[in-house]
Each structure stands twice: as structure tokens, then as C-alpha cells.
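Next come two complexes built around subunit A: one with subunit B, the other with subunit C.
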Partner chain A sequence: MSKKMLTFMSKDKQQFTIEEEFAVQSVTIRNMVEEDCASSVIPLPNVHSETLTLVIEYLNKQASVAENDLKKFVDEKQISTLLDLAKAASYLDIKGLMDLACEKLADLIKDMTVEELREIFQIENDFTPEEEQALRAEFPWAFEV
Partner chain B sequence: MEDSLLSSSSMAKRPKPPSSPHLLPDSDHFTMDALLSSFLSLSDSPSIHTSFDRLIQSTDSDSDQNHLIQRALHLGSLLLEAANRSARRCSSSHNAVVWPLSPDLTIKVFSMLDTQSVCYAAATCSFFQKCAMDPLCFANIDLATLVPKVNNAVVSTMIHRAGVALKSIKLGVLPPIPAPPFFSSQPLVYSIRNSNDASGFSWNDKRSRQGRESSILTRSCLNSLSGNGGAPGAHLRRLHLYNIERMDNTALLASLSACPSLLDLEIVGLHVELRHTLESVSKHCPLIERLVFESSKTGRDDGLKYPTCNEFVLNCPNITTLALKGFKLHDYKARMLVKGLRKLKHIDLSTSYSFTGAFLNFIPIKELLEQRPDFCLVAEFPKGSYFDVEQLTESDVSLSLSSGSHSSSHTAYHSVFMNTSDGSYNSDHGSGNEDSIESSFIIYEENSD
Partner chain C sequence: MASPSPSPSPSRPCGVAATIDFIGEDLLQNIVARLPAFSFASAACVSRSWNLVCDRVLCRPKLSSACSFNFSLHVAVEEVFNKALSEPIRPHFAIASIGPSFDLQQAHQLITAKLGSKVPVITNVPSGIIGRDAISDEFKEIQWEITEEDDDPGVPLLQPESANRAIMLIVGFLPGMKVEAIPLLKQIAFKEHNHHGRTQFFSSCLGTGETQFKAVLSTGLSPVGPTYKAASVREKHRDSLTWITARREGLRENIDGETIMNQVYDELGDRIQFPTFYIGVTKRRKCSIGQDKVGWMTSLAFHEVLGDNQEYLFVGDVGIKTGDSFRFYHSDSSIALSSNATVSERLRCLKQGSTTGGDTREVFGGLVFTCCGRGESFFGQPNVDSSPFLDVFPGVTFAGTFCGGEIGRGDVNPYIKESQEQKSVWCCLHVYSAVYLVMSYTSSKGS
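Then we have the complex of A and B:
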């Protein structure tokens, strides 16, 4: 009995196949399958092939791997990868992957000062000096050394 | 373009320039844009400096020179402001690229952070600030710190931000030790007198701070729970209060009355009476499942009355975990608690005293363990206590007895706990038999003062 396969196409026009039974962990995909729009190639214009590779890896693993081991899926991933994964998981509505990626991001953010956050995430300060001052004055206890 | 530059410099060379500057009419955008564009395309500082110097020197009167200088300062600052504004806009756009998550997704990440990290994130950039203001980021307010740092205003603001999303509050001053496991006789009470923290927070400091009311937590720190029609308190599940010196019975009662959904209450080192607290809890928090109460005046709170216990047992049937540490507790009251709270699985009476253990004789232990598997009792009984060891061993209960090793002038205490392990009877005295016991409860020995 051959398993039903689905084909995704990433933003950069690469194609990926995946068994339907794994793919439908994505609620977005499941809805498409139920509404019968999933017969030909499914375009995913928001997801780059690098990210889509990881998403498919997760979907395939999710069925067979224990939850504790699955947590390791987000270990040793670069920050930009984690962000892309979270975004793709949100777009495809894959709760497990979204939770994993968000938790990992939260772990990274925890215990970081403002300067460290800006450095690690390459975020630039776009506050006026007055706004920044007001923020620090709102919760002075947090910014006390 | 060169013409306009020349004409403006020739204007400056006139003997008496007009006192009011020749301002461009507002509608002349093209000229303004053109002028600005050519100014910005000037080559760098040396030429601007020397050109301005020449301009000043060629102006005769002091007042005209001063006027030019003021214009330069004013226009300079306008340009600086405009440039900063644009720089911020560029930064915001850049941030949207390096942090591609939507506000909802960002809020989801922030809601997994502790309170201090949320504050840091909010101060990082304007997008984070916007997201960090969402109620979900303050659902679990954790303001328990190692030294007094937080005041009423901070608590109010956060409770207000959380609104109906508020689920848990931890507030106060923690003792300078890592969070002890549930069964520990290390008192969590933080006393100003025995604190050794590096900030050198001395008794004298405390007195001098009393004048500055706004810098510490006072009895009204939880008033916001009742605000807004009681909306914030309505869904509060967990409330942990540590060593808030100024909290009193009335204030605590008011707070508890605003929290009908409370499941988990932990009170350590507050100057409140057990009786009043239990009465409040019985009255206002029927859903409660976990209650940990550690006295601030070890040994002096003996106000727990039988009717209070009775009411508590009747009104709070969902209690599974109970800790009453540092109280005077008679056997019959202990028995009522153990027997009457039907779902009670973990009871910790360490550093409480005045019971002998005789109450255990009146509880059908075997039945109890059948109904509530993994039941665990932690307590300290005086040596030569009256409970019937045989009854316990007969019912296949693992029992460990250890006697206090440093007796000094105090009576040695036995620490007892019982649970349903594999049924192996441990005759090991005093050593750590954690290995042979399924649960992870630690045997300890302690003398209370």
C-alpha cells in the first residue's frame, strides 16, 4: 500500500515531498487536504527551502521520537534559524514546533541584559533618549545592578 | 545651485545685512529641498568650519555675528533632530528584518519569560516594548528578590498590566539560600537580624528607610488585586509571599478575599496569625489545593483553635499539600487535618511542635495509605514519643527513624516520614536511605529552637 505523498514548494522554488500522514500535523495543510486543495504542488511562498527542510525533518520525526528527544531538535540552532522556524511553524500552524522554537528563544532571552539582547539579536536602539529614560525609570528595580 | 550659494555668501558680505533673516517662504519646497541637498553633499568638516569662520569674520557688527551663530545653532539642531528621527526609523526597519516574528508570536515568547527579563526586553527596542506591554507577559509576576528592591508602585503597575490574564504572583524577599525542596527544615524566614547579604543591609538602614515610604513593600502592596471590580484577583491561581515585614492580618485578608480561584498559597515570614489566615482561606478560597505557611515568630503562634481547623477541613476539601511550619499544634488538631482533608497527600509539620505523634495511633494508617497512595508526612516527634511503631510496620509501611545528632541542651527529635514504598522495612538509622525509597523525599535531622 503506497502512502499518499504531498509536495511542497518553497519560496525559492525547491520542491519537497512528505507523507501526508505526517504533513497533516500542520493544521494549515490539514485544512487544505480536507478541502481537497492539496492534490498538486502546494506553494509555500513564505518559507525558504532551508527552513522548510527543517520543518519537514520535524514533521517526520514527530511521529516516532519521544518528547524529550524531540526537544533536542532546537538545540544548537542559530538564532536566525530559530526565528525562521518559529515563523514557519506559525504560518503552517504546527503547534509542537512553534512551542519548541518559542521556548528555545525564551531560554536565550532569559537573563540577558538590554545591551546583550541588542548584541545577540542584532537589534538597534530606536528609542529617543527620553523614551529610554522613561522605560528604565518605570521599573528601576530591574535595572539596578 | 551654485548661484544660490554665491548669492547667500554675497548677502553676508553686505555691510549691513537685514536684521531679520531672509527666510524662505513655506511654499518654496523645491528651493528648500535643493538647498538641503546641496548642503548635505558638501565635503566634510574642514570646509564647513572654515567657511563658517569666514562668514563670521566678514560680518561687521557683533549683534549680526551673534545672530548668525544663533541661526547656525538652531538650524544645526533642527537638522540633528531630523536626522536622529530618520536614524530611528531606519533602526526600526532593520529590527523588523532581524526579528521577523509577528507581534503575537513575540508576545508568546515573552510570556515564557520571567518578569525581569520582560523588563529588559521592553527596554531593547520599540517593537519589543510594544509587545512587552501585552497582558500575557505579566501573567506570572515574579517579584521575589534576594534583597528588598520592589515597591508598591511596581506591583500595582504589573497587576494592572496583567489584568484578567493574571495567574500567579510571587512577591517579597527570599532568604539567601537556594530554593529548598518541599521537605526541608531550613527556615525560609528572612530575618533582618541574621541576614549577611553583601549589601550590608543593617537594622539601622531599615529604620532610616522607614521615612521613605515609597521604597519598599507595605501592607497595601496587593491592593490592586481588588481594583477594577476585583478583575485581576478573580483568576489568580498562585500567591507566594515572602518576608513582607509590613503585611498584616487585615491586609492579607483583603487580598485573599479578592482571590476566589486561588489554588496555591505560600506564606513565609509574614507577621500574620495562622488562625486568621486559615479563616480567610476557608472563607474565600474554597478551591485551594496547596497551602504552605511558615511562621515568622517560631514558637509564639499558638492561636490555632479547633473550630478553625474544623472549618478549614470542611471548606477546603481539595487540599493535597499542606505545610504548617513553626506552630504550636496539638495532636488532636493534627489528627483532624490528616484525617479530615480527604485529598491530603503531603503534609509537612516540620519545626512545628507540641504534638507527640500520638495522633498517628488514631488514624487507620493502612486504610489511609490505600485511599491515598504516596501519602507523605514530615514531622518531628520528641524522643520516646507515643506512636505505635508496630502498627506502622504491620501495615507494610516503610518507616525511617533518625535521631537528632546535635542535641546540646535540647531534646533530640526523631524525624519521621512514611510512604508506600516497595514495602521494605528500613532499619537504617539516620543515614540517607533515599536510594531504597521510591520517592525523592530526604530524611533530615533537625532540632528546632
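Then we have the complex of A and C:
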């Protein structure tokens, strides 16, 4: 008795299979299945194979593993990996994975200074020095102490 | 099969400022909404787009609160701060209520050190605290265990038990409002170590919504006996006492203290064990505010009955004049319970409140100030005064203190029933009451 399998193709043209039963935790995929567009290979041009591997790992684990153990899934992952994972989860509409990734990301960045945040996320500071001064003065309790 | 390392979208050349596109606004919002307050403040300074995302996360007023019962003041302060500031919030004010076994000055210093010089902070020592435990998440109403030494009345003994080592922190964020703390200090006969603060606010409308505060009162007093008129009045300012004789309204005969009390006990019968008596005095006085003459105002003030003898009735405080009429009131837990039920109804009405324009009103926080005579020993069960709010608004921040005298100006005067005078007699300082402050936010249509 074979279970229904789905096939995804990553941005870099790698193919992955997964049981439909697990895949439909993604609302995006579930909608496709219901509208009957999921019979052949499903292209995911926004998701790289490295990330897709992790997404599939999550979807497979989610059914069998307890919530506390599932949290360990995001342990020891780098920020860039987690960001890619969160973006993929957002695109595929997998709430559980998105919450997990965002929670971990928040945890990793919560002790960072403004400068460190800019570096990690490659953000350029578009405030004038006066504006930035005024902003920090607004929350003296965060910077003064 | 080559697997290239993850990199940002190839259409974006390196070195050019990456904006939200790299992450996406929704995703960034999802992340920063989980940050504790200090980190959230840093995130808001990263760039203009991050600042906008943070403003979206923190666009509504917020109240946050936590209690700690740790033996060490330093640890307790850390615990309440970590919990109360564990989510995005920008403190516009803080209220810290501490137990008598902690040092008030030290607590105040620790808290102002954490928040910086610009945030108004009120630190006080009430008769007890009401709030959610930072560690266990359990909701508690705790009154201090005070025993008084005979030779030093009013000074609490330092108890080693945990109940008197506690701190409750309330932090509020009120966008569009300015908050200040104004000290009101009153000299009372016994040693008073409270700082009573009053927050004054005026709002500058941002056009995105309106924050409202509503006071709801639950009374714990029941009237008994006839109406009297104060006849002979002698004020003892140094001890803050008044000695009075009185006449029954409509009669001419002056009655002494002991006779009055006998009449009251006769009326009360065996209904209540060990009642605390107050007199509610109706005072009609000429009032002025500053230089402006306001005119005549009628108010109801409560004075605790302290004793009687064959001449006088002794009551607390001064300010009574010959001719003032008064009635006796006694503390009554069944009245308090039914008054609480009325409060629950009014809270439910507030909850359903969608204003006519289709705007939705959301209650974001509540405070309660309840008389130290109430609490578990008064009702026979715990958390009675907290139930109306907790039941109607589960999950909404709620905290409070036990007090000796509650200030509250609600819409309805519960002491004078169904009379034309009801609306024109103000009563602002209550006893045996619970005053609830409900904070709500109405967002305007389309925001």
C-alpha cells in the first residue's frame, strides 16, 4: 500500500519527494492539492535546495515528534539559515515552522546592539545623526543604562 | 550535484543597502514582535523601515505587570522587570508597590536606575499587592502580615516570612498621552510611609484612536439606622479626631455617644459579627479652586467610628460641622459581593462596546484599588475582588493594591439610592470599597 507522494523542485532544480499527508501542513500546498494542481512536479522557485531539505525534514518530523522536541529543530542553526527557513515557511504558509524560526531568530538577536543588528541583516543606516540621536533619546532607558 | 551556499537574491548587488525586501515586512514584524522591550528599542533604531515596522507592532496602548516574592530585593526587581518588559513596550510610566520588609528608598533607586531619568516612577508601600507572579504565572492577592509592637504602634515588624518581601511592577505605554506623577502628601496621626501619587494626563489626539479610562466602584458598606444631625462638634486636630453629639433628624433632643451606639447596635441586631462602623457625613461647603470661587458643593465623607462614652461619639478625622447630617454604615461582605456582581455587569457592557461609528473598543488593562479590610478574611475566599475583571477580561493585564481609603469618582453614587440628590452629592474617598480603573482603546475606523 503506497502512500500518495508529492514532488517538489527547488530553485536550483533539485527534486524532493514527500508524503502528501505531511506536505499539506503547508496551506499553499494544501490549496494546490485541493484544486488538483499537484499531480506533477511542484516548482518552488523561491526556495533553495538546502532550505527545502530542512523544510521537508520539519514536515516529516512534525507529525511524529512532541512539541518540545520539535523546538530543538531550530537549535544550532545560523541566522542566515533561519531567515531562509522563515521565508520559505512564509511562502509555503507553514505556520508552525514560521513561529519556530521567528522565535529562534528573536532569541538570537535579542542581545544585539543597533550596530550589530545592522551588520547581521545588512541594513544601511538611513537616519541622519540628529534623527538617530533623537530616537535614542526617546528610549533613554534602553540606551542610557 | 553542486549545492551553492545560500546567498541573497542574485539581482541585488552586494554593497547596496539591503532593505526590508531581504526579509520582507511581515517576517520582520513577526520577529520583532517577539523581542523583549530593550531589544525592541534597539530594533526601532536600526533604520527607517525597521522603525516603521516597530511602530506597527506597538501602535496601541499597553499595560504590563508582574509580581515577585523573592527574598532578595535585587533579584525581585530583576524578575519583575524581565517579565513586565518581556514583550515590546515603551515605558511611559511605572508604578512599583513593595512589601514593608523591603527598603522603600533602595527599591525606588533600583527601579529608576533601570528606567532612566525621564520615566516617571511611583514607588509605594501599600497594605498589600494584587497581581500575577512573574515566575509561576499564578494570580495572587497578598496582604502583608503585620504585627505591631505595643511600644511602637504603626511600625511594621520586619517579618522573615516571604509574604512581606514582595514587589509588584506596573509599566504602561500610552501613545499620544503625556504622563506625570504629582505627589500628594497628607499628614496623618500615625506614621505614614506611603507616597500617594496621582497620574495626570492630557491627550494630544493622534487621529488613530482614543485611549479612555473608566472608574467603576464596588462598595462594601451598608447603611444602618436613622439619619442624625451633628450637634456639638469638637475637633482634636493633633490626633485627627472629632468628638460629636447628635440629634435624630426631626427631633430636638441631643444624644450622647453611648446612646447613639446602642441605637445603632439595636438596629443591626445579630446580623454582623464584629462590624466596623463608619459615619457617612453629608457636607455642604463653599468651595473654591485656587482663586476661583466654585460655589456650594455637597459631598459625602466617611469617618471611622472609634469609640463612644457617656458624652461623645468619637470619629476619625476632622472637617465635620454642626448641622451636618450623617448615617451609620457598617462593613458588609454580602453587600460587597452583590456590588461586585454589578461591577461585573458593567465590565461586560464595556466589553461589548462597539461605538456607533463601527469602531471597536478594546480593553488593554485594568487596575484595582481595594480596601485592606476586604480580601480573603473578609470574603472567606481568595481573589474575590479580582474576579470581576479576570472573569470578564481573561488574559488582559490586571494588577492592584490593598489600600487604606480608595479614591474614585465613578458615575454612580452607590450610597444614596434613588433620590434626586444622587447626582449632586459627590463621594470621592471611599472605605471598604474596591475601585477599578479600566483602560480601553478605541481605534478609529479603517486603521
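The rule is short, and it goes like this: the second predicted complex is superposed on the first by the 137 of 145 C-alpha atoms of A that agree within 3 Å, B and C clash if a C-alpha of one lies under 4 Å from a C-alpha of the other, contacts with A are read in each partner's own complex, and residues count from 1 in each chain.
To be clear about the criterion, contacts are C-beta pairs under 8 Å (C-beta built on N, C-alpha and C of every residue); 3 or more make two chains touch, one makes a residue touch a chain.
Here the structure is a predicted model, which is why all the values come from computation and not from measurement.
By the touch definition at the top of the document, which applies to A:12: first (subunit B), second (subunit C), both, or neither?
Second partner only.
Touching A:128 in the superposition: subunit B (first), subunit C (second), both, neither?
After superposing on A, A:128 lies in contact with subunit B but is clear of subunit C.
Check the residue A:30 against both partner chains and state whether it touches subunit B (first), subunit C (second), both, or neither.
It touches nothing on subunit B or subunit C.
Using the touch definition from the top, say if A:51 reaches subunit B (first), subunit C (second), both or neither.
After superposing on A, A:51 lies in contact with subunit C but is clear of subunit B.
Quick check on the superposed pair: does A:136 touch subunit B, subunit C, both, or neither? Answer first, second, both or neither.
Both: A:136 reaches subunit B and subunit C.
Considering only touches as defined above, state whether A:106 meets subunit B (first), subunit C (second), both or neither.
In the superposition, A:106 contacts both subunit B and subunit C.
In the superposed arrangement, does A:90 touch subunit B (first), subunit C (second), both or neither?
Both subunit B and subunit C are touched by A:90.
Thinking of the overlay built on chain A, is A:81 touched by subunit B (first), by subunit C (second), by both, or by neither?
second
Can you list the residues of subunit A that touch subunit B in one structure and subunit C in the other?
Residues 80, 83-84, 86-87, 90, 98, 102-103, 105-106, 109-114, 117-118, 121-127, 132, 135-136, 138-139, 141-144, which sit in both footprints.
Any idea which subunit A residues touch subunit B in the complex?
80, 83-84, 86-87, 90, 98, 102-103, 105-106, 109-114, 117-118, 121-128, 131-132, 135-136, 138-139, 141-144
Given the complex with subunit C, which residues does subunit A contribute to the contact?
Those residues of subunit A that touch subunit C are 12, 14, 48-51, 80-81, 83-84, 86-87, 90, 98, 102-103, 105-106, 109-114, 117-118, 121-127, 132, 135-136, 138-145.
For the complex, which residues does subunit C have touching subunit A?
Residues 1, 3-6, 8, 17-19, 22-24, 26-27, 30-32, 34-39, 41-48, 50-51, 90-91, 113-119.
If we count contacts the way the header does, which residues on subunit B are in touch with subunit A in the complex?
Residues of subunit B touching subunit A: 84, 88-89, 91-92, 94-95, 98-102, 104-105, 108-110, 112-117, 119-126, 128-129, 143, 145, 149-151, 154, 157.
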